[in-house]
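This report concerns only the one structure given below.
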Amino acid sequence: MVPRFLDLAVLVVSLWLLVSSSVGERSTPFQLTEKQQCRLQRITAAKPSQRIQHEGGETELWNERDGQFQCAGVAAMRNILRPNALSLPNFHHYPRLVFIERGFGYISVISPGCAETYEAGRTQTTRESREKWETTERGRERDLHQKVHRIRKGDIVAIPAGAVHWCYNAGKEDLIAISINDLNHQSNQLDQKFRAFYLAGGVSKKGGQQEYEEETIFYNILKEFDTNLLAEAFNIPEEIVRQMQKGGEERGLSIIAQEKMSFARPDEQEEQGREGSGNGLEETYCSMKISTNLENRRDADIYSRQAGKVNVVDLHKLPVLKYMDMSAERGNLFPNALVSPDWSMQGHTIVYVTRGEAQIQIANHNGESLMNDRVNKGDMLVVPQYYVSTARAGESGFEWVAFKTTGWPMRNPLAGYTSVMRGMPLQVITNSYQMSPRQAEGLKMNRGGQSFLFSPGRERQF
Amino acid sequence: MVPRFLDLAVLVVSLWLLVSSSVGERSTPFQLTEKQQCRLQRITAAKPSQRIQHEGGETELWNERDGQFQCAGVAAMRNILRPNALSLPNFHHYPRLVFIERGFGYISVISPGCAETYEAGRTQTTRESREKWETTERGRERDLHQKVHRIRKGDIVAIPAGAVHWCYNAGKEDLIAISINDLNHQSNQLDQKFRAFYLAGGVSKKGGQQEYEEETIFYNILKEFDTNLLAEAFNIPEEIVRQMQKGGEERGLSIIAQEKMSFARPDEQEEQGREGSGNGLEETYCSMKISTNLENRRDADIYSRQAGKVNVVDLHKLPVLKYMDMSAERGNLFPNALVSPDWSMQGHTIVYVTRGEAQIQIANHNGESLMNDRVNKGDMLVVPQYYVSTARAGESGFEWVAFKTTGWPMRNPLAGYTSVMRGMPLQVITNSYQMSPRQAEGLKMNRGGQSFLFSPGRERQF
Amino acid sequence: MVPRFLDLAVLVVSLWLLVSSSVGERSTPFQLTEKQQCRLQRITAAKPSQRIQHEGGETELWNERDGQFQCAGVAAMRNILRPNALSLPNFHHYPRLVFIERGFGYISVISPGCAETYEAGRTQTTRESREKWETTERGRERDLHQKVHRIRKGDIVAIPAGAVHWCYNAGKEDLIAISINDLNHQSNQLDQKFRAFYLAGGVSKKGGQQEYEEETIFYNILKEFDTNLLAEAFNIPEEIVRQMQKGGEERGLSIIAQEKMSFARPDEQEEQGREGSGNGLEETYCSMKISTNLENRRDADIYSRQAGKVNVVDLHKLPVLKYMDMSAERGNLFPNALVSPDWSMQGHTIVYVTRGEAQIQIANHNGESLMNDRVNKGDMLVVPQYYVSTARAGESGFEWVAFKTTGWPMRNPLAGYTSVMRGMPLQVITNSYQMSPRQAEGLKMNRGGQSFLFSPGRERQF
């Protein structure tokens, strides 16, 4: 019988992600208020409004009723894990994209139907793929489980809807992660509420401020389950089930591990080698890459010696993002440099400031200014789809990570080499703005070969 | 001119289903109440709440305002056709998946633009594909029409949105069918109301209880159409049109045929042979398979000598389901056997009990129990996406058919060979549940190679 | 650095459209009223309800609160450009399909990230693709910009969401265009409001009647933008930016050009040659065809010597329509000829009458008549998905253009060669309508090989 299940598992998982997107494109018809329809009067950079303490760290939540987050259909959170802490296994009904702001550790995203693949001995680490459970003494000594991924500062980690995941801080400093949860994702037929299902731990009372008092959001799913049924399903004594249920919510969302943990994980080299391989359709899910690092200067998608750089991770670099329909960018602006005024054609953008400061302006579709503020480290804000925005770095430069509710983000810049102005004939510009051909040429050409990121200063370069 | 139309028809139909899904992925933005957002307090197995009698049988409807059906966005019905009865031709604006609970007969699903393909002589049955209408005397004697499919107990039949279909009971006992209508399907730009458009017959008054009094749901579309226009369109006398219109709703949804009907249909063998062929993209729609049988023990996707079996029909086995984004499973549990606690990642599940009884528990996302009831033959219930559920068969076993609002259903079991627990390292389990390594090993391993279906009993097997 | 950007641009644009549809299949969860759910009591052909005058012409809007347009989720407009007028560059958050009713001119749809490709000298026109900006004297004299397309009477032009476009009337008569904007399109995560973002010009006060008084709809996005930031982004003097901002809304939506404009454009031959090439996936976006002409009699998809013809443009003929999920047809009925009663399976149909008159009937799903009216030149009406409709041309014939909210429209005719009736066995017809086999044969066969378009008269042809 075991071979039958193995076949089933391989079949099942290789198609899971494919299906979750291309077929599960069912609509999620939630009732939105006027606010949620992105009729924003004003956008203000926000800090977290709620903090939940747990044994191994804390979780900060942005106010999901803030109009900008409702417009984008996302919930934002910041997780802090202390050294040697373990975030307890949980899943949620929407995809989550995570940016590792600081620290290093391990994460495991458990795929449905993937049999355990990696094996950890007690004193040494070996790896055998697709090995089935063995009942020999030798087999008993091993722990077979699914792949554990190393995470470090600058990583973007993709967690698909419905997958169970846990995370461990293996470093000496706090492990800090910024997460965006896409509540509007097409695969979600449930509702638009932000919550997570915990297999252990959980929080059932409000964790902090008044904002969320009417609802608990981090549930323990085993707590009230029929003890007898669970015992029979796992084929274990009822007292162990009761222990699993009882311990539930006292521990919160994370715990401090009793001893330092170490995991069998694939050879780093091998994981790198898989990076550019194909379009995600022929990859089997069990071996699919779920993270990539955005700190590498050499890989910058946009690089300007005078202005800064931007690294993008989209469905092309990380195929799992095709199924999550999300993406991210990591940006760095030099002091006083600018981002071209532009609009995003495919989705909303959620910006989180990681260092420095900038003046950010977002133009109302009414021509008025929705936002024209200085933002600092720790601020988060939403730039809605099609809205024109721009940024100018402060004296100490500006660093950010931006999450997008689309798998392939497209910027439509007003100025620069690949801009809308550059695409228009001179005659159209002179007539549209009633300016001279020389002025129109300046408007089209003065940024020369610069694209997206502009050096400071306003002297004509031609 | 005829060749021109033939070309058009072939072109048109081969792309119809492809398009209906991959392009028609437009959202259907209906207004949902709080209830429809799956904020259920309690799930209770339900029996039909309304019965409509018609000449050839009866139609039972589950209450579509029951929160569980609103959460799933489906309407459920049970149709009974007497021997020699014909359900009248109709179509609807959502896809329908049908399970034949009893009996045998014929169904035809008429594809738009497919020229008639099969031909029935009066005394013998022959088959010629793509034959065009002939004006010779010989041609007049034949009846060219589209393919008629044989249906029998255990069949799952797929009826795409907008296709006209009729059904005939050719057996000696009642033909009984359970249908789930997916009102939320992406192809539906109209509304979420359950109704059908009848070409003949129909019901315009409420058929039974108070539930539906404010709306008729089975409309005759010809009834009030301009007689003169119809006569001219069909090029027939007006009195015949008036007869078609007048007879409309007296006959209801089915009639008893004047004499036993027989149909030209493809060779059984050939239909079988086509079963495993390809992914549905290269198949032309006119020859696409619309049904499969789930009773065959040999084909079970999950089979346990101690616990039972499950047969699944998804987009892989029946490619038309890719376009309908629905699927089904047929399950059979031995007395006292269990289904692993699991959650569905891709859609809602609608369970209908066909035999025996079971204790079913569904865990609230709040950790509380949404349902912990005994269900019996004829009961129907919804397990929402991501909710954890489990079942234990009664003394006489348990048999069911489940419909899913996704083309590829994925179960995420908590226990067993392909489970979440099995995917976690021992260290994570010991720390998460504060248990000993030996207890954690039991939790991971005590179900051995069993997957999804578990034999009764709770003694440790290791 | 320039080569880096060139690579980026090529990469970016070749995937833009692919992504905008197949990945961006996120739902747009707008709140709909009962009316918007297509619960129409009556459909009445409508004329524009609002007119906005601008320097170079006028814009007429149909009332977007009319139930039929809300049901279809579209906004309809008619634009008139005087000779030598330029419609000012703008974009919108939904796709638009345009039919050129009269005149000829040029349109440019500016693709994000496509570097300028065409170059216009002052006295002669040459073309070099992918040439980069040159700083030599020779380079300065040229104007590099994106492709400009010629448009003429009978063209269907596709404008994707978020793309900047402008249009110029190069003829001696008015250039008249009918546009349908698909507000419900899946790529739209913003809201369902009809509006456009103008880079120059715009209208901020209500343009006409009371209907729209509470909201402006054609916004100038630069007007209130930070002058200093814009000057720095474009690297031009602030006074030029102020001039761009100030002139904004005085000029409205179009202007009269100071002198006759001419554009470098690709050789006509070459554009034709590209017509049948592939499925749109391997085409790079920068060279993708955005228009096709529907006036050519030779290309008719349905042609009847007795009844008329229909030309269809769908995703197969114009691959960009796959990503917009819209299509169109151009029809011509001879005097007294008919369109078969039929229903559309994939989307709503918006009909605009270009010449002549017809009696149009639409059957309510309740069997009652939603519409049974005579329509004339300039009328517009919506036929909702799945509703049965038919038309009979008046004494002077009937000419129309119809827009559909699906990339591949499918008609399901009741009568004629590819009809539902033809697909049913005689036995089913005789039993369903209680008619004789001879009458049933007449119902199936009396239209012989005719399909969709029927000649007048009601004598039996067999």
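For this structure, a couple of remarks:
Chains: A, B and C, in written order; residue numbering restarts at 1 for each.
To be clear about the criterion, a residue touches a chain if its C-beta (ideal position, glycine included) is under 8 Å from a C-beta of that chain, and two chains touch if they have at least 3 such contacts.
From a predicted model like this one, the values you see are computed outputs, not experimental measurements.
Chains compared, chain A against chain C: the Cα-based superposition rotates one onto the other by 120 degrees, nearest 5.
The two sequence copies chain B and chain C touch through a face in which the numbers common to both fall below half of the numbers used overall. Averaged C-alpha coordinates give centres for chain B and chain C that are 37 Å from one another. Each of residues 22, 25-27, 29-31, 192 in chain B touches at least two other chains.
Remark: chain C residues 1-2, 4-5, 8-9, 12, 15-16, 19-20, 22-27, 29-31, 86, 88-89, 91, 93, 108, 110-116, 120, 132-133, 135, 143-146, 148, 161-164, 166, 168, 187-192, 195, 197, 199-202, 204, 216, 219-226, 229-237, 240, 243-244, 247-248, 255, 257-258, 261, 263 touch chain A in the complex. Considering their complex, residues 21-22, 25, 27-33, 37-39, 73, 184-186, 192, 301-305, 315-316, 322, 325, 338, 340-341, 343, 345-348, 359, 361, 363-369, 372, 384-386, 388, 390, 392, 405-408, 410-412, 414-415, 417-418, 420-428, 430-435, 439, 441-443, 445-449, 451, 454, 456-462 of chain C touch chain B.
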